[in-house]
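Please read the structure below before turning to the comments.
Labels for the chains are A, B, C and D, by order of writing; each one numbers its residues from 1.
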Amino acid sequence: MHIQKKDKFIVNKPKEHCAIFGVTCNDLGFSVTKYLYQGLIALQHRGQESTGISISTPGGKIYTYKRNGLVPKVLNNKILSKYWGNVGIGHNRYATTGATGYKSTDYMQPFHFNNNEIEFSIAFNGTIANFDEIKKNMNELGRVFITDTDTEVMAQLIGSIALGTEDWPEVLKIASKLLDGSYSLILMTSKGDIYAMRDPLGFKPLCIGELKDSKKNLYFVASESCAIDVVGGILLRDVKPGEIVHLSHQKDIHSEIILKSNRTALCQFEFVYFSRPDSIIDGVSVAEVRFRLGINLAKNDPILKNPEIKENAIVVPVPDSGRSVAVGYAKEAGLPYIEGLMKNRYVHRTFIMPGQEKRKIAVREKLNPIKSIVQGKDVILLDDSIVRGTTTQQIIALLKEKGGAKRVHLRISCPPIISPCYMGIDFPTKEELIAGRLQILYGEQYLEEIQKRIGSDTILYQTIDDLTDAIGKNKNQLCLACLTGEYPLKSIQKLAEMESSIIKSRS
Amino acid sequence: MHIQKKDKFIVNKPKEHCAIFGVTCNDLGFSVTKYLYQGLIALQHRGQESTGISISTPGGKIYTYKRNGLVPKVLNNKILSKYWGNVGIGHNRYATTGATGYKSTDYMQPFHFNNNEIEFSIAFNGTIANFDEIKKNMNELGRVFITDTDTEVMAQLIGSIALGTEDWPEVLKIASKLLDGSYSLILMTSKGDIYAMRDPLGFKPLCIGELKDSKKNLYFVASESCAIDVVGGILLRDVKPGEIVHLSHQKDIHSEIILKSNRTALCQFEFVYFSRPDSIIDGVSVAEVRFRLGINLAKNDPILKNPEIKENAIVVPVPDSGRSVAVGYAKEAGLPYIEGLMKNRYVHRTFIMPGQEKRKIAVREKLNPIKSIVQGKDVILLDDSIVRGTTTQQIIALLKEKGGAKRVHLRISCPPIISPCYMGIDFPTKEELIAGRLQILYGEQYLEEIQKRIGSDTILYQTIDDLTDAIGKNKNQLCLACLTGEYPLKSIQKLAEMESSIIKSRS
Amino acid sequence: MHIQKKDKFIVNKPKEHCAIFGVTCNDLGFSVTKYLYQGLIALQHRGQESTGISISTPGGKIYTYKRNGLVPKVLNNKILSKYWGNVGIGHNRYATTGATGYKSTDYMQPFHFNNNEIEFSIAFNGTIANFDEIKKNMNELGRVFITDTDTEVMAQLIGSIALGTEDWPEVLKIASKLLDGSYSLILMTSKGDIYAMRDPLGFKPLCIGELKDSKKNLYFVASESCAIDVVGGILLRDVKPGEIVHLSHQKDIHSEIILKSNRTALCQFEFVYFSRPDSIIDGVSVAEVRFRLGINLAKNDPILKNPEIKENAIVVPVPDSGRSVAVGYAKEAGLPYIEGLMKNRYVHRTFIMPGQEKRKIAVREKLNPIKSIVQGKDVILLDDSIVRGTTTQQIIALLKEKGGAKRVHLRISCPPIISPCYMGIDFPTKEELIAGRLQILYGEQYLEEIQKRIGSDTILYQTIDDLTDAIGKNKNQLCLACLTGEYPLKSIQKLAEMESSIIKSRS
Amino acid sequence: MHIQKKDKFIVNKPKEHCAIFGVTCNDLGFSVTKYLYQGLIALQHRGQESTGISISTPGGKIYTYKRNGLVPKVLNNKILSKYWGNVGIGHNRYATTGATGYKSTDYMQPFHFNNNEIEFSIAFNGTIANFDEIKKNMNELGRVFITDTDTEVMAQLIGSIALGTEDWPEVLKIASKLLDGSYSLILMTSKGDIYAMRDPLGFKPLCIGELKDSKKNLYFVASESCAIDVVGGILLRDVKPGEIVHLSHQKDIHSEIILKSNRTALCQFEFVYFSRPDSIIDGVSVAEVRFRLGINLAKNDPILKNPEIKENAIVVPVPDSGRSVAVGYAKEAGLPYIEGLMKNRYVHRTFIMPGQEKRKIAVREKLNPIKSIVQGKDVILLDDSIVRGTTTQQIIALLKEKGGAKRVHLRISCPPIISPCYMGIDFPTKEELIAGRLQILYGEQYLEEIQKRIGSDTILYQTIDDLTDAIGKNKNQLCLACLTGEYPLKSIQKLAEMESSIIKSRS
């Protein structure tokens, strides 16, 4: 979901743009709302700003409820008790911190489309690159929009195509020919049919699952397989890139591939950071990928050949994101893994004190080095990625100044991020990406410059080849745009080049 | 703080009863509210139910604000903007979930005492064992109480002693002779003086810190040293058992020991579970204790001598509490540490589905085994303690049934908990403690019985000697009552024996 | 539209009873809702109480939305986004302030008629004089009414005639034979046909327009031509008295005259006050009429022959209604036009202070004399009409007391209003009309008496001959009933005489 | 009041930043709320976004109510009935259209300051240039801000100075030494005293008035004298630049000049556009100034010497802002004044249709040329100012294309606006000001270029000398910064030069 916004808070991590979940039960008297609760809570890491559900009733109506807040706050017992229906879809929206005005439920999902002719509800994860153009065309046909979101554009487009037809696969097929971008979506009709669709390049994950017991039979659609685990179901398979899957009580699962593409473009960052380690995406275990990324780093690490350093070294993750990779590194290196930074899990928002020291303080509320562990040590610090670099710099400073670490060796499980993402991840512009900016300014020496600015004694990134090996897919199957600057969609490539030339002209 | 309550939710972990924090600045125009915010957020793990602050102004008034909720929600910018003053104290109350009626601010701390003669505010952590008796005596003197809390009893007692005097050390000295129990407290007068006091046995931690810059000079009092780190201060020292420390702008720090005791009784569970690993309590690093507890377990572990098992073994913590000990164990054992359970950090409340399977589902929302990691493995599962045993049982079942673990070997960093705590920890009764109940029923064979019921293939607890060694203190310096049933206060010992005989008569 | 009501606020100006607007587009995929928005906002001066639209969809359904409030509030983006269709009609209802119970949407227009046989929507401007009689007859045929409006009577009558036929021109022809009164109406069928009809005497204006571009072709019907300007269309012509015009995509514009009348009775007050000056009614520019009315007044004005007065005179309009006429007067008189009264355009409602002075205060909130302009001057004050006279009296008092005007010469562009209107204008009874009442009481001297009571130094009204000359139509083409007491419909004449005799018996 | 915002709507006119009004009555039992209603409605033209009042009660408390909306909507009868008190202040905030997030009452005025020590309420009109700097200093003293407004900075500054003192004149004196910018303010204490202060240069108007009757005695403070007229009071005098006026029941009016300045800088635009014509500012009638501006234009107008044009010419104002000046012009020129453009007074918001023609449509909803008046004429079009130029261009196009005007001669009562205002008016940047931009690009030929782009046949601006003559003040008494680029405050001058050099570098 795309909203233009200006963050006034420091964004330290890329933020995923949504989670979607759907469920349908063959027992018309059974209410699936609780499964929406459980599925969405399992996907909460993909979006913490707002929570929404749409429920389809056997009587042919759709009811939608959405509010700002985490799943347990929004879907409280009152709401779970009030909303009944044997089919439902749900959505978590990511944190657009500081983007006021988007508190309106109009900006949340699912988008419940209901004009005088057509009714359906839609939840999606991704970004429509050409939404402005589609909106303009629809404006000229008299359509009026109430938000600035690509979600509404998509919904109004589908609504316009569906005028006078009920052939939903055909509607989605036509829509997908007009939509340019990344989209994993779930559409629920007022008749209680669920359609799951993934864009032809398969940028975002989407999978289906099943739960059968003696009394009832349920199907699920979810952004990640961990949600299917949590509702007690079993993972059937992923929705394929360019596939529409129809989940219906009458006909079971029915699928058709509407658009075939020579290549796919699954986001590599799903493996590196976004997805939960217990998820399996397109057949690959996220946890295993991260473990292998740690092994790769250790294999390539020159400091492990220096006995003076190795003897004095401990492997410390940046919690929580660095743990999986640190464990792999420690095992391969034969070094002790240890938690040298305490994370306060109650700090979601950071109160920023005025003055120059504010950033250090902001990090200090979240992370505190454990002096008794790191003092005098060569700390091999593992993290998943560097975006702006400011947080990493502060962590290293804390480890040295407060913790008394002898040296800090930064190891990053992802290759340098040099380009923004236009496919649904809230990365900053190239200018704000430390690797992107310094690569422009310093060329091949940019890694040394990053190391200097961040204050680490040594630095080591994953290579792109090691990354694809760890994922077990080749470069024609993944989107590596943030690492290479090469975008799998031509429309995006053009956009990225335009932005890049503006930055160059400024510097 | 003591409140009688009935939980309708399952308590799986002992819960600490509060955090306290105080600050005083020598610049009368400076407002310390933001330090209260930061100090309390660093101590949020000790209490999540309610947040409160009292502010003393240069004009000699005290203003108090307290509400249910986490620190960032209660101390929002509006409140921080409204409350000014150069001296303040704050308090986090732990979760008395389901205890309705305690939502009244009367039940929150700090307790702001203000009659027509005397005004002060008090925040404390601990339990007054003889509060019913004191209340009865004071009732007879015409005092009227509005709550059922020991906090109010303590405040009214102090208020009564202080009638007609301003010698606060003397007042506290007299009060402490009448109060039987555990108490670390901070008292703030309307003149802006802060007094920190720890009971003679020193059950609960309490420490003081300092922050000096060119413009101002601040002192802090805190339940744990991590709060002093987070506000940017340096730890001066712990408040000693039986000591009153006076923090004042005029006289700096002034201290007197009012009650000396041959022994002390620092709660062992602060090291095992409660305190943050980055805290240092009475000179001992919590993180180091936990690391040593892991080493001890590995040293004593028979399965490490079985090559078949060792070869197939991985060391998996129960997140987040088992990590520190697992790291120590893995290092000593020479085995890989790995995260085999995914924890959902957004689940605070668990939605319980009806029917018998509810407990498994409840755990499933929080923890999901990572099949690709644990499948076919001998999982050495590390946790800090077993209370009722129900959660542990479900985790082991998940690891085997969903994760496909070959065997699960449970390793606990704390010796068996067999007796309830009367000193401020929310342990259940002996009957509800799995080790307590089975020890009564099965005598020396109770560990085998625990293993059977919990479903682990082997089980190993820490020994009490190893525990005291790891802490580096002897049995006369620690409270081990929950492990031994021997209470350091005679009044409590009597209470415990009474309760125990009731249970025996029932079974 | 006729509703019986009791105003608790003082009505200072006659208020028109509604605006109607319709549009049809030949492109079935185009949504005309935005044109309804623009057309109705251009006609907002004719009604500010409620706004309503009916939309006909290509699928053959009609959807209606109406609410209290101005057009921009009711037809907000959410509504414009929700209602689609290539044909639509809309309506503004005038302010029945204080008439509670009429907040129900049942009392708003368009009236969406939908029983199990017939569906259409109707919007009209006018008053059905014999609606009580028709209602009685239909009651006897088993019809059940839910409101007290002539709108519903008209709709039920049309619905009854249409039973079993789809020949809408025939239906309307029959209806118009039964309906006695003024009515300009638009009827929209569920098939998307639009019929515009004007009563045989043509009391109320109604016109049609067109907009063609390369992609689409639109027709419009509107109460006034200014609405056609605002939607970007061109005025084709007026609907003739007694004509039915059929607007359809298949057949373009088709018309038939159903009832011919020897005379017509276009309301003179449309030119004097109601219509927007930029409208053209039955071929006559409203702005030009008003300009000529000012010229006429100056030509007849004796004070312009008094050099002492003329030298000291300024021409001041009562804003906003007096401007057009004042400009004509000033030009003819060769005197300076100047704005001597400031009008607060944000005052729609007037807060009335208790006590006798309330009326002065009420006017004071809306109008403030500009002392630097009027002080010491002979103010020639131009307004369009005098109804009760109270406001005019207060304005004159303000000009003299606060503004310091030497003399005030009142000049009125309309002849004295002596009789109520039964044709759709909210005039008070003859008793409440200052000219009507004083004519009964003082006979021919009533003008001197008005001058005395109103506090002006001289007074001059338009003559009826000058009025018809300015409009450019003769007395057989206009309704002058409020000026002459002679009503063009016999049924009304009888009603008026009855009411008049009641008044005489009272005085 | 200063808020950073991004308008998404086209701003066609500079918008004033607020109105303030205060009243105090010597009868403690009398409630002044109704006077706040009347005073604020008279000042509604200075701000339409939100309305707020603070009431001080004889008991020493302050109650504040503020909401989005016009005065009559916010101060409805329920509110007027609920809020009682003999002293009160009020505020209208200007329209920050589209600036969502500012719907919070925190962003409205009066700002009711109430911490644990001090209580007062403040309403102000102006802009504090150095508010960021003051905020930073106060942050370092521990103050926490909840908005981004200079209002809150001013309130917190005053609150900090007032700590421990009740000498309000002294407090305001100190505050005004620290505040750099334009500010007319009213401060009300919890004791019911009212202090009115105007900044040393007197940028914004502020005046006091009185109302005495047999029973009570009232004092008023108002942004403009028209508000004192409307409440029925008499204007006493203006508050002088740098003066603090204390209105109190005990001591009547007491005043002191705290800061003397060699020059003053009353905003010229108050005379040209902002203030109501019936107001008198610093002794000068706004209506008279505007009349003289029209006379000046006619005196300098070369086309009046061309008989061919003059014979065919009519003087047409852009309603409502061009009327006053058009009247003066017409009189001096001896030409007929006539209303040739119809304004829809119900259009506050404009619905924008997509596509290139949207701007024309937007203007078309508001203004429609009256063809019968302007056709074939030389239209001398009078307006007060040109800001961006887009609206003017569209009006001229409408007059020619729709109205059939032969030629349009644009006459502007204000000299070219070439520089933005930093003192409280919502002017766009120099780059967006048509005169500013074209002066940079075309130098001395910029007027010809404006004429070409705007599409008028001739153009004539007021000269600066004629403007100051018409106002009757010299250049050392007025702020002419938007016309000359020379700012009366050095801090602003620097800011303006910085911005200007950025623009130059871009073009």
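Everything that follows uses one rule, which is that contacts are C-beta pairs under 8 Å (C-beta built on N, C-alpha and C of every residue); 3 or more make two chains touch, one makes a residue touch a chain.
As the structure is a computational prediction, the values presented were derived from the model and not from experiment.
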item: Chains touching both chain A and chain D, listed by label; value: B, C
item: Chain separated most widely from chain C, comparing mean CA positions; value: B
item: Whole-Å separation of chain centres (CA-atom averages), chain B against chain C; value: 78
item: Intercentroid distance (Cα basis), chain D paired with chain C, Å; value: 36
item: Distance from chain C to chain A - Cα centre to Cα centre, in angstrom; value: 60
item: Sites on chain D at which at least two other chains make contact; value: 353
item: Residue numbers on chain B that touch chain D, as the complex places them; value: 29-34, 55, 57-59, 61, 63, 77-78, 80-85
item: Partner chain D, residues of chain C touching it in the complex; value: 34, 37-38, 41-42, 44-45, 48, 70-72, 80, 226, 229-230, 232, 276-278, 280, 285, 287-288, 291, 320, 323-324, 327, 330-331, 336-339, 342, 344-349, 351, 353, 361, 364-365, 368-373, 402
item: Touch list for chain A against partner chain C, complex; value: 106, 114-117, 141-146, 156, 160, 163-164
